[in-house]
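Think of it as A, B, C and D in the order they're written, each chain with its own count starting at 1.
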């Protein structure tokens, strides 16, 4: 399954989805991340390989790398958050690997994951208030 | 005194024990909090971050070439493989093709690095089981041969800084291929020796078989990669499934376990070393002529864009996600380290085991703090 | 009046000699263990102080004497202070009836008690108290776990140990150590089939009794940091060390006496024979330590109760049957 | 000398014959014992820990110098080999470990990170710039990233030299 096919499937569920030209990444709106996750698990993407964020100053982009061991395929999913409202639904219920990855993103960027079971700082001391990888 | 009040008086209680950051078997500065009921682990919490060196922040302040030495210090037991993973990512970002000789040299270095890393991983695992120092020192003795070769090639024993974007920093020294062949010849029987020391040992088998079983679906769900994933029975190796460099030219097998217990994780590593030896042998025999070094400048500006490249490290899949904005320094670099995902599964595995088994499971996962905390 | 005073003086001299021997022997064993382990691991071990590092233990002991003696706040003072003594004193008392052989007709045994074996069994069981007190008194969870493990382990392994000793006693027909040695003048006990089994049981249970790998779970470095002596420093720690190595010597001496004919042997003087046998067994225990991994606590207990104890009982019954026949 | 002058009756005190000799020899024995029995703490922070293990292993064998007894409990060791990068989160733990060690205690800072922060010194938010920045006094600094095992052995020998030259036996 390529990015294009997955894009088609997600587009059916979430009309706001777009495909990034250069990187072939699927960009979903923040509200649709759970729906997209559900769709992807249904398609056999059993591994959330990587989750990270990029601070583009005017927005913070979350980047999800999914892989399917059975289909031997991978896709990239992105969602953009505005700096004044860094909250997004957690996908921990679908992929357990999201637990630590989301904590790391919270620690370094301050993105709050809603309904995360244990959203605490993971790398830095718990009493810190800064999020070191933010560019602003 | 009646029975009920006696029960209240001598009731047992669970207690928390803190393991680490300074503890002989936490492989560096990992910290575990174990909730114990007597000897049994009821629950475990993993605390990381005691070696958080802010690599990703540093990456945003260094040029692409300047960051290579930092990758050495991620998984410091397999520096060559980290170097390789990083330069592969940058090459993918820039669309560079490297010369054949450079590819072959990289394969040899990566496979020898894998052997060195697994030797250390297996023997520290046995040390965690309580065989004090002897297996570790045997492993270190064999590893020393490989380290010596790396020392010849690039002048360092642990942090090699050998790969460059577009090739390697210098060609192999004179007589290196003979030396590599010598090492391969030396190591083969040594693996049998090590196996004889462990496999036929009833205490070792009793301690590892059926301990810390990681099922395949759980492993995939947790993002576990590398030998730990293969020990659970998932035949997934990037060298075969997404071949990079020239791995598709070599014949080798992917060892897979059945049960996903500590024994399988040990066994997969042991077999993998033999396969690595096979690859290294084929590579050194077919080493093409040419110039593996780089002629390009030290500072280069990739096109704005992003890339994600992962490669098979001894501990799993090391991925670099690099965002470029057209300047000589990366805009953002995320290091997806295998140990980070591998250690996250630990609390699930040790629930209900004895303390000794918890240590055994931790040892069998073979994590390196440098790349967990980055 | 004269005779009691004379006896007292003689006993004091004997005591001083025994204590001196214990200290020297423990120091030698520590050095020997470091050399044996080093050569197993294809390295040299201590080399810089004296011939092949022969003075290494002397340096270690002097250094440990000089170290600060830390008493953490929150320890149970009484048991904390007494524990090292409980670990050492019973082991030293065992030396009263260990027969070293004879020189020029003088029997080298402090007092050949007619209940020697019983006395030794009673004393070796006291050692566990020291370890348990150390574990309890340290107010440290690792120490506590170590102490608990030690108590469970030693209580379990005491049974096969004693049963193996009883087999030897049955064959010798006496509880006196000297008599047991004399009973083996013709043939060492270990060469009889069911005594060989008893000997194997004794060595296994003895290794567990002195907390050596593969039964070193009370101090299990990779699990419990240093087990029951995690909090001890300086001389108190050295006392535990002394206790451990002396205990090892005692168990080996007992094995040599009960099964390998004690000090009896051809050509060489009896003392030499005794020391050769004892240190040989100690070296065997070291060899095991630096080769095998550690067993888990439940495997350890299971082995004691499900394998070792039934086998030693069966062995005892067979021995009785042979004697009655 | 200065002390003796301040005691009014110092001239009246008869010196113990040969006391000087006895004192110096006993002092040198004590120093010798301290120097030749340096038990390190099993404590690896990062990359340098691997070279520390390598130094303990068969080829380099730190035990030749009597420094091979790696104790896991800080209560029983004499020298802390700080092998690796010290991070902010680890700082408190390091200080506590140092405090838990009994006197006389020594510290070897192994590797650039433990000396000054090394390559992680700049552009970082979580690395402590060396052991001394934590307030832990360092006896021997070994540069290198990581230092070769020979360097660590040389550091141990330097520490032994330093102990032998100490003015007075520390408590």
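Odds and ends about this structure:
FYI, a residue touches a chain if its C-beta (ideal position, glycine included) is under 8 Å from a C-beta of that chain, and two chains touch if they have at least 3 such contacts.
Keep in mind that this is a model prediction, so the values were computed, not measured.
Separation of chain C from chain D in touch steps, taking the shortest path, is 1.
Comparing chain C-alpha centroids with the centroid of the full set of protein C-alpha atoms picks out B as the closest.
More C-beta pairs in contact connect the chains of A-B than those of the other pair, out of A-D and A-B. The chain with its Cα centroid farthest from the Cα centroid of chain B is C. Rounded to whole angstrom, the centroid-to-centroid distance between chain A and chain D, based on C-alpha atoms, equals 48 Å. Separating the CA-averaged centres of chain A and chain B is a span of 26 Å. Look at where the CA atoms of chain B average out and do the same for chain C: the two points lie 43 Å apart.
Per-chain CA centroids place chain A at a distance of 62 Å from chain C.
Counting partner chains per residue, chain B has residues 23-24, 49, 52, 54, 57, 137-138, 141, 373 touching two or more of them. Counting only residues that touch two or more partner chains, chain C has 41-43, 221, 225. In chain A, the residues that reach two or more other chains under the touch definition are 123-125, 132. Interchain contacts (touch definition given at top) occur between A-B, A-D, B-C, B-D, C-D. Those residues of chain A that touch chain B in the complex are listed here as 22-23, 46-50, 52, 54-55, 63, 65, 69, 72, 76, 95-97, 99-101, 104, 108, 121-125, 132-133.
The residues of chain B lying in touch with chain C in their complex are 15, 17, 23-25, 36, 39, 126-134, 137-138, 141, 201, 203-204, 206-207, 354-357, 359.
Considering their complex, residues 88-89, 125-126 of chain D touch chain A.
Residues 21-24, 28-29, 49-54, 57-58, 60-62, 69-70, 72-73, 76-77, 120, 136-138, 140-141, 144, 147, 157-159, 369-370, 373 of chain B touch chain D in their complex. For chain A in complex with chain D, the touching residues are 123-125, 130, 132.
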